Structures are given as structure tokens and as C-alpha cells.
Amino acid sequence: MNSPTAKTKVAIIGATGYTAIELIKILLRHPHVEIVAATTRQEDAPSISSIHPSLTGRLNLNCELLDPAAIAAKADVAFACLPHVASMESIPLLLAEGLKVIDLSADYRLIDPDIYEQWYGHVHTDPTRLGTIVYGLPELYRKQIPNQNLIANPGCYTSTAILGITPLLCSGFLSPKGIIIDGKSGVSGAGRTPKLGTLFAECNESLTAYSVGNHRHTPEIDQVLSDISGTETEVVFTPHLIPMDRGLLCSIYAPAIKETTEQELMQVYRDYYQGDHFIRIVDHLPRTKDVAHTNFCDITVRLSRGTIQIFSALDNLIKGASGVAVQNFNLMCGYNETTGLTDLY
Amino acid sequence: MNSPTAKTKVAIIGATGYTAIELIKILLRHPHVEIVAATTRQEDAPSISSIHPSLTGRLNLNCELLDPAAIAAKADVAFACLPHVASMESIPLLLAEGLKVIDLSADYRLIDPDIYEQWYGHVHTDPTRLGTIVYGLPELYRKQIPNQNLIANPGCYTSTAILGITPLLCSGFLSPKGIIIDGKSGVSGAGRTPKLGTLFAECNESLTAYSVGNHRHTPEIDQVLSDISGTETEVVFTPHLIPMDRGLLCSIYAPAIKETTEQELMQVYRDYYQGDHFIRIVDHLPRTKDVAHTNFCDITVRLSRGTIQIFSALDNLIKGASGVAVQNFNLMCGYNETTGLTDLY
Amino acid sequence: MNSPTAKTKVAIIGATGYTAIELIKILLRHPHVEIVAATTRQEDAPSISSIHPSLTGRLNLNCELLDPAAIAAKADVAFACLPHVASMESIPLLLAEGLKVIDLSADYRLIDPDIYEQWYGHVHTDPTRLGTIVYGLPELYRKQIPNQNLIANPGCYTSTAILGITPLLCSGFLSPKGIIIDGKSGVSGAGRTPKLGTLFAECNESLTAYSVGNHRHTPEIDQVLSDISGTETEVVFTPHLIPMDRGLLCSIYAPAIKETTEQELMQVYRDYYQGDHFIRIVDHLPRTKDVAHTNFCDITVRLSRGTIQIFSALDNLIKGASGVAVQNFNLMCGYNETTGLTDLY
Amino acid sequence: MNSPTAKTKVAIIGATGYTAIELIKILLRHPHVEIVAATTRQEDAPSISSIHPSLTGRLNLNCELLDPAAIAAKADVAFACLPHVASMESIPLLLAEGLKVIDLSADYRLIDPDIYEQWYGHVHTDPTRLGTIVYGLPELYRKQIPNQNLIANPGCYTSTAILGITPLLCSGFLSPKGIIIDGKSGVSGAGRTPKLGTLFAECNESLTAYSVGNHRHTPEIDQVLSDISGTETEVVFTPHLIPMDRGLLCSIYAPAIKETTEQELMQVYRDYYQGDHFIRIVDHLPRTKDVAHTNFCDITVRLSRGTIQIFSALDNLIKGASGVAVQNFNLMCGYNETTGLTDLY
């Protein structure tokens, strides 16, 4: 455990996107963190508040180009908020300089470089490290996170789905094949790079499924559920774009493979997440609004006509990205896991 | 077939809600319709444009209290846009006066009064008529609609789901038990009566499932699919409230129960809806925005990991309510089915 | 007047944006129009329905590169939906081929090429034609539009503001200097080219002024109001971006420069727009929702503490762009001005 | 100054609305506050998390009926989140029990009971206390707030407008008559009571002015500006409803009555708000999104064609209501003014 007065110096690698700004806002209220650097690919060293005007008067920092040695001279921990591919190019350099790294991209989540190549369309350039990296979902891998130098921070759909499915899969209520995950995400999940499909006038007042059968979070969900349940698991994951900024709901469907009741299923969840501060097993149907801007994941379960229905909701940018990154940071650095994350909003 | 110059006189029974205003807008452009009456429960005979300001300068009509004889003296056809229960109280009186009626409520959709009572919590007051009423989904029951005096206009979720499921269910690709329907609807589907749950500040930037296991469209879907397929069908239907005005998407999941391909499944749809003007079998994933303010239902199908995924989208107020009501009206009155409904927007 | 059965053949020049799709939807229901060509800069001749999936099954047309002679061989009238600069490069060629042209860009709206250069940052390449082109706001310039070969279709803010201000300015209730126009527009007004500022996650749940003091519609408003009132007019125009797809409201403020009453002011409007089908002088405060998807402009006026407040609302894509373009088309071609535009929605 | 470890016990009077939930969320992170009571008019003592599900697991408290003596037995300070009229009925009783009270309603904001009656349509039942109550806008009345027993917390539009206008009015750049305030607010400002006008399907994709000439914040703005400037001030205030949850922007227009420059005007603001933590004088045009969920008010000024344009933005529920209430609480109780309010989000 760090001394209560010690501040850990952190750098934000890739500071222009939505996960970066959320991360910065969380870290600004973290009592043991000092943000000492932020990087962009812009050469003119813009101030962080010119990129994110909401930071005006809150963080006085000019962005810099990514120079691993320069970052390591200032910081102890780096949060990598880079796109995939860019991430696996930079992270080995940051690690070589002695930094601890939390990678918010997908580059170190999959164990198998062939699966990475198949789903991401790029040869993995750091394949030997794959398979050694802990998947940073603290509710499942809490004990393995401390003392790691690199954590693969989970995807937003994956966390939502996995947190919803794991308790029932591990206790034998669900078959490992054919679990239906109907994912529904706010538009911020698609990132801050201008694209036709995420223009306001395209996705407002609209609703559509996308990436059916080929969304990249699919192998990630399969891999983690297989690992945690000890059985090869294969899900049917279908994401939808919802006209709202933030919030993610997975509606999960599977036949009950043994006789049960809603009460029993609810108890499985309460037992499984006993002591997990950020998981709320709720009686009502979760609303994304109730978890927006928080690090909570709200879960409930229903049983109807023999089909188990799990509803799992979180904020895609917080518990689905930057909040869990800070959970991982806390665990890596010896702080209390919830530091800086309670009563976020 | 009516003479091309004849105008049918119609009354809107219950003119204050969202289905009524949509209906009026469609009928205003219908070349063979004259709107001669509109009723409300307000005693002060408000002008229709004071209730719906968008009608200013477009329809000059004062609302009246519902008096079946007075309506019958003016009109040939009544569109009943009343809430359930109110509808079954008024419709027998309208029929007795010789009016043809299209009922947009749920009161005459179910065959079995016990099922009505079970799901709606009211004893049906016109049970002998139940079971004799044609369900007004023209794509399935087109031949039975002409010459009827009363048509039960379908629910919005039910049309979307049934149009998506029928072709594959009837051709043996789906088991009749356990089809998963993940329904997603814009907020206008919840009606115009002020309620906490449909306030802007409650449902904007939010997303939730509701009525899980007990939504009233469930027995309606079961009944129609059972009838059309000849096999007792039981679905798992779960609606969600989406922060948008209008649009409805059903994402439908079921295991393929015989070997098939996406190409074959697509062909089943193209064959089944051959000649159906308002059903568009599309290669892309349907967006509700592309059907908003139209009478189209866009459908596609995908096959992934052995699971068939059907995506069916329509405008809940048009093809899901008032547009299909006008299709039924056209068929009942001998007009071309598409009159007044093409190029709506 | 054209013969009632004649169809005019039209081409859409620049078919990928929001004004183009709105135009196509209006023209599809126009009884005297056939759309024979649509152009894009894409070389692969995409079908129009691949660009605008809402047109699936409604318009069967492959886009082509812009070749003025080829267009003229097929079409009588061209609607130019190009960005500024591109428009003034192509329109002389289209005119030279004998086409009538309605230009939805800003390139032919201003009389003075120096003012064009000052506000648009480009030298005007067709300056001799400037000053001879009729400004296509039919409510003001109706008599001059027929028989023109080129019409400059107005901007969305300009139409809204000018229609709101003209009656009182021309009857001496307003000073020509310092009229405050607080403009508020839905995001579709910013076009379909991906930009950071129009991403859903940037402008949803947000509100801001933009282009304060330098919005390009300013000189256009000044010019038209000066022309119509015979007095040099200079307004203070401030646009705001509103998190909605479509709709535009101008709230206009100016001191009353002579003693008056709300009743008198309302009468000025009713008199001025007597017979103008698309202008609705309403007693209530206009809502953009009531004019969305229509060609109406709703206007009211209030007098409070000596300040006249005018509220003028329209749909930026219809009455603010493509609807008024069809009004102009009708006038140019000898059809009834309202053909294809009544009961749009 | 309280001892750093002392916790002040607070009660939330009227806990069901939007200002109450925002207040609770702020107070939950306030290091010196314990929430000991919450009242509703519901007789069945609902848990606070059943009313506000976002509080699940965060605040374990059953609501109670309002009994001033019972509240005083537990709490030191009461935040009154009641509607007007209800507020002035309860507050004298709470004060009589020795509680300090921060009133978030309008009942104690106006000095003159006749003006209250004129604008609110009710006789004021506690008129002798009026005129003695400090208006709780700390940036203007900071020195008068400590040691008060009752503070009248300002309205959301009023704070936004007053903070924007005061510096220039007090330094003689603006005439006290005829300042135009075009206010634009998110829908949460209209409260949580179900009403037709605030239904999602009514105000989504819509935009309208409302209460033109008679909004109740008008006399409040006049009164405070007159007091602070020493000159009788009368504004023209026009509110608009914007389709977003939260955020409020006032666009303020007035002729510059002396020669000036934007630079000089900006400097006036920087000087006036020197040391005010929650006022950010920004160079860019403020976006409500950048202040949403924070206690900041972002202000800038422009000069165009002789007209001064001030843009002032805040979160209507935080800096416009519950955040400023906590500022007042801090000042009343001797805590640092910013405690619990920095880095809210």
C-alpha cells in the first residue's frame, strides 16, 4: 500500500478522445494522482483545454508528442488511450522505459495472435507478450492485477455482457453455446473521429443493428467466458446503436438448462458479487440513466417461458472504459480499489 | 371498386392522441377521403388545430363528443383511436348505426376473452364478437379484409415481429417455441397521456427494458403466428424504450432448425412478400430512420453461428398503426390498397 | 401553363446531401415531374438507394458524374445541390446547355461579387451574372420568378428571418438598423460531410452559438431586406446549434418605433401574407415540430415592454431549402406554385 | 469555521424532484455533510432509492412526511426543494424550530409581496420576512450570506442572465432598459411533474419559445440587477425550451452605450470575477455540454455592429439550482465555499 500522501504521477497517452477526457475527469478528483503529461499527434502542443474545453481552469497542461523516454522521466503510470495497432506499437516502448501501462485499446486483450489478426485485420506486432497479460476486469481477475506492469482494459460491450453472464454460466444455469447478447450502446462508444455514421443527423431519431456477426468484442467475450467458466463458450453478440450519448445495456437471452426460479437466480448474483462495490444487483429493470456518469454496473435477471433474461447496464465510457481503468490503476498501485470512483455523479 | 371520384366520409373517434394525428395527416392526402368528424371527451368542442397545431390551416373542424348516431349521420367509416376498454364500449354502438369501423385499440385483436381478461385486466364486454373479427395485417389477411364491417388493427410491436417471423416460421426454418424478440420502440408508442416514465428528462439519454414477461402484445403475437403457421407458437417478447420519437426495430433470434444459408433465407423473404408494396427486403441492416414517416417495413436476415437473426423495422405510428389502418380502409372500401400511402415522406 | 399531363424531366446535381434527399422525396410525389438523372463525384456510379437507403424501391437510378451535355440531353431542369464554389463552376455550363437551373447553394444569392468574396473567401468566377439573378423567395419575388433560367434559392436562416421581419419593416414599425435575430437551427443544416462539431456525441445534449458576427447568411439578410424595404438594413444575426435533426426558429427582437399593439401587428402579418399558402400566421408561439417535414413557415408576433418579438419557424430542409426550391420550380415551369408541396406530412 | 471533522446534519425537504436528486448527489460527496432526513408527501415512507434508483446502494434512507419538529430534532440545515407556495407555508415552521434553511423555490426571492402576487398569482403568506432575505447568488452577495438563517436560492435563468449582465451593466456599457435576454433551457428545468408539454414525444425534435412576456424569472432579474447596479433595470426576457436534459444558455443583446472593444469588455469580466472559482471567462463561445454536471458558469462577450452579445452558460440543475445551494450552505456553515463542488464531473 502506498503512503496516504504519496501522489502517483500519470500520463495520458492519446488525449483527444472520449475515453481520455473521462479518464482525466476521474483522475482530477483522485486524491493520489497527479496528471503530469498528455500526448497527441498534433505537433503544435495544444493545451489540453483547447482540445477539451470542459477542462478550462481545471487542468493546465500542454499536450506533447509521444516520446516514451520523456514520458518515463515524468510519470510512473501511463494510461494508453490509443486506437488499436497504434497501441501495440507504443506500449512495448513505454514498458521498456519502466512505466506501468493500462491499455484501453483492444491490442492486448486477446490471447491468440491469430484470432487478433482474424478479427482486427492486422498482424499482431507483439505476439509473445499476448497470453501473459491480465484482462483488467477486477470483478473476475482482482487478485491477478496488483503488481502487473501491463493490464488489458476490457471493452465496453464485453464488460457489460461478461458481468451479466458469468454468475449463471459458472453455476450451470446456462449452456455455453448460443447465449444471445443483444447489445445497445450510446454513440460515444463509436469514438470521436468524424464519420458519416456517427453524425448527429444520421443517428439521432434512428436505431439500427451493426457489425452483425463480426463485431470485434465477440472473440473477447468468448475468450473470457471460456476462461472463467472452464468451458468453451461461444456467444451470439449483436450490437445496436442507440441515439444517446452514453450508456450501454445488454439484454441477454438463453434457455434455463436446469429448473430454477427468479429468486434463486437473483440470489446467485447477490452471492457472486458479494463485496463488489461497483456491481449493483437490482430488483428493477436497469436504466442506463441510473448508471450514467458512474462506475456502477446494474444487473437484474428475469425468467419467462423458460428463458433466462439478464439485463446488465453501465456507462460505456466509465465502467466500460475509464472507470474500470482507474479500478485497475488503484489495484496496480496499491490504493483502495474504489478510490476516486465512488459518488462520481 | 368505388367510382374514382367518390369520396368516402370518415370520422376520427378519439382525436387527441398520436395515432389520430398521424391518421389525419395521411387521410388529408388521400384522394378519396373526406374527414367529416372528430371526437374527444372535451365538452367545449375544441378545434382540431388547437389540439394539434400542426393542422392549422389544413383541417377546419371542431371536435364533438362521441354520439354514434350523429357520427353515422355524417360518416361512412369510423377510425377508432380510443384506449382499450373505451373502444369495446363504443364500437358496438358505432356498428349498430351502420358504420364500418377500423379499431386501432387492442380490444378486438384477441380471439379468446379469457386471454383478453388475463392480459388486460378487464372482462371483455363484447365477447361474442371476438373470434369473428379479421386481424388487419393485410400482408397476411388481405383477402379477408374487404367487405368486413370491423377490422382489428394490429399493434406496432406485433406487426413488426410477425412480418419478420412469418416467412421463416411458415417454411420450417424456426421452431415455434422460444423465438426471442428483442423489441425497441420510440417513445411515441407509449401514447400522449402525461406519465412520469415518458417525460423527456426521464427517457432522454436513457434506455431500459420494460414489461418484461408481461407485455400485452405477447399473446397477440402468439395468436397470429399460431394461426398463420398452423402450429402453436410461443415467443419470448421483450420491449425496450429508445430515446427517439418514432421508429420500431425488432431484433429476432432463433436457432436455425434446418441447414440453410443467408442467401436461401433472403430468398424466402423475397418470395413471401412478392408483390407486397410496403415490405422491403433489404440487403443492409434496416435503420428506423429510413422507414420513419413512411408505411414501409424493412426486413433483412442474417445467419451467424447457427442462429438466425431477423431485423424488422417500421414506423410505429404509420406502418405500426395509422398507415396500416389506411391500408385496411382501402381494402374495406374497394380502393387500391396503396392509395394515399405511397411516397408519404 | 404546362399541359396537365406533361412531365418535366429534372436532374439532381449533387445528390448525396440532405437537401438532395429531401428534394427527391418531394419530387417523387410531384405529379408533373420525372427524375431522370442524379450526379455525384463518385466514379463508380452508385445507385441512389445505396446513398440514401430510404429510397429503396422508390427511385431506381444510378448516379453519374456531372457532364452538362449529358444532363441536358435528358433533363429540362437541374436542381443544383452543390456546395458553394462548386456551384458557380458548374452552373454556367448547365445554363449554356439550355437547362433551367435552381441553385440551392449561396453562389448566386449576393448581388455584389466583392461582398461574396469578403464573406465566402473566394473570388466569384461568374461575376457578370450576379445582380441579374432573381432571389427565389416566392412570397417576396413571386412575379419575377417565372421565365427565369436561373434562380438563387435562399438560405434557411435567411428565409426564416426575412419572412418574419419584412411585413413590419416595410410598414414602418422597425428601424432598419440593429434588428436582433437569434437563430436556432437543427443539426442537419450543417450538412452531411463528417465534421467533429456535428458528431452526435458532440452536439447531442449541448447547445452553443456559433459564427457570431460572421455567419454568411448575414449579408444575404441585409441585402434582401434592404431591397424589399427600400432602406439600407443591417441586422445582428446570431445562429445557434440545437440538438435536433431539423427545424429552425428565429426569435427576432427590435424596439417598436411607433406606438402599436399586438393586435395591430398581427393584422399587418395577416394582410401581408394574404393568399400565401405556406405562411401561417398563428396565435400561439410556433413550435418547429409543427412545421417539420412541411413547407410551412409559422409566424407570430408579441409586444412586451416596448420590444417587438417575432417568432418565425420552418423546416430548414424543406421550406428552408428543398421545398422552396420546388415552389420556384413550379413557378418557373408554369405549374401551380403549391403542386407537390401541400400535405407533405 | 467549523472544525474539519464536524459533519453538518442536513435534511432534504421535498425529495422527489430533479433539484433534490442533484443536491443529494452533491452532498453525498461533501466531506462535512450527513444527510439525515428526506421528506415527501407520500404516506408510505418510500426509500429514497425507490424514488431515485440511481441512489441504490448509495443512500439508505426512508422518506418521511414533513414534520418540522421531527426534522429539527435530527438536522441542522434544511434544503427546501418544494414548489412555490408550499415552500412559504413550511419554511416559517422550519425556521421556528431553529433550522437554517436554503429555499430553492421562488418564495423568498422577491422583495415586494405585491410583485410576488402579480407574477405568481398567490398572496404571499409570509410578507414581513420578504425584504430581509439575502438572495443567494454568492458571486454578488457573498459577504451577506454567512450567518443567515434563510437564503433565497436563485432561479436558473436568473443566475445565468445576472452573472452575464452584471459586470457590463455596473461598469456603464449597457443601458438599464431593454436588454434582450434570449434564454434557452433543457427540459429538466420544467420539473418532474408529468405534463403534456414536457413529454418526450412533444419536446424532442422540437423547439419553441414559451411564457413570452410573462416568465416569472423576469421580476427577479429586474430586481437583482437594479439592486446591484443601483439603477432601475428592466429586461426583455424570453425563454425557449431546448430538446436536451440539462444545460442553460442565455444569449444577451444590448447596444454598447459607450465606445469599446471586445478586448476591453473581456477584461471587465476577468476583473469582475477575479477569484470566483465557478465563473470561467472563456475566449470561445460557451457550450452547455462543457458545464453540464458541473458548478461552472462559462461566459464570453462579443461586439458586432455596435451590439454587445453576451453568452452565459451553466447547468440549470447544478449552478442554476443545487450547486449554488451548496455554495450557500458552505458559506452559511463556515466551510470553504467550493467544498464538495470542485471536479463534480
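Every chain is named by a letter (A, B, C and D) in the order it is written, and numbering of its residues begins at 1.
Here is the rule we use: a residue touches a chain if its C-beta (ideal position, glycine included) is under 8 Å from a C-beta of that chain, and two chains touch if they have at least 3 such contacts.
Remember, predicted model here, so these are calculated numbers, not experimental data.
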Item checked: Between B-C and A-B, the pair joined by more C-beta contacts -> A-B
Check: Is it true that over half of the residue numbers where chain A touches chain C are used by both copies, so same, or is it different?
Finding: same
Check: So, what's the distance in Å between the C-alpha centres of chain C and chain B?
Finding: 36
Notebook entry, point to check: Just how far, in Å, is the C-alpha centre of chain C from the one of chain A?
Noted result: 45
Note to self: Nearest whole angstrom, what separates the Cα centre of chain A from the Cα centre of chain B?
What the structure shows: 40
Item checked: Residue list for chain A, restricted to those that touch at least two other chains -> 186, 202, 204-205, 243-246, 287, 289
Notebook entry, point to check: What does chain C use to touch chain B in their complex?
Noted result: 25, 28-29, 53-54, 56-58, 205, 280, 282, 284, 287, 289-291, 293-294, 296, 298, 342-345
Checklist line | Residues of chain B that touch chain A when the two form their complex | finding: 178, 180, 182, 184, 186, 202, 204-210, 212-213, 234, 236, 238, 240, 242-247, 249, 251, 253, 255, 285-289, 292, 302, 304-307, 309, 311, 313
Margin query: Show me the residue ranges of chain A that touch chain C in the complex, using the header's touch definition.
Written below: 18, 186-188, 190, 192, 194-196, 198-205, 243-246
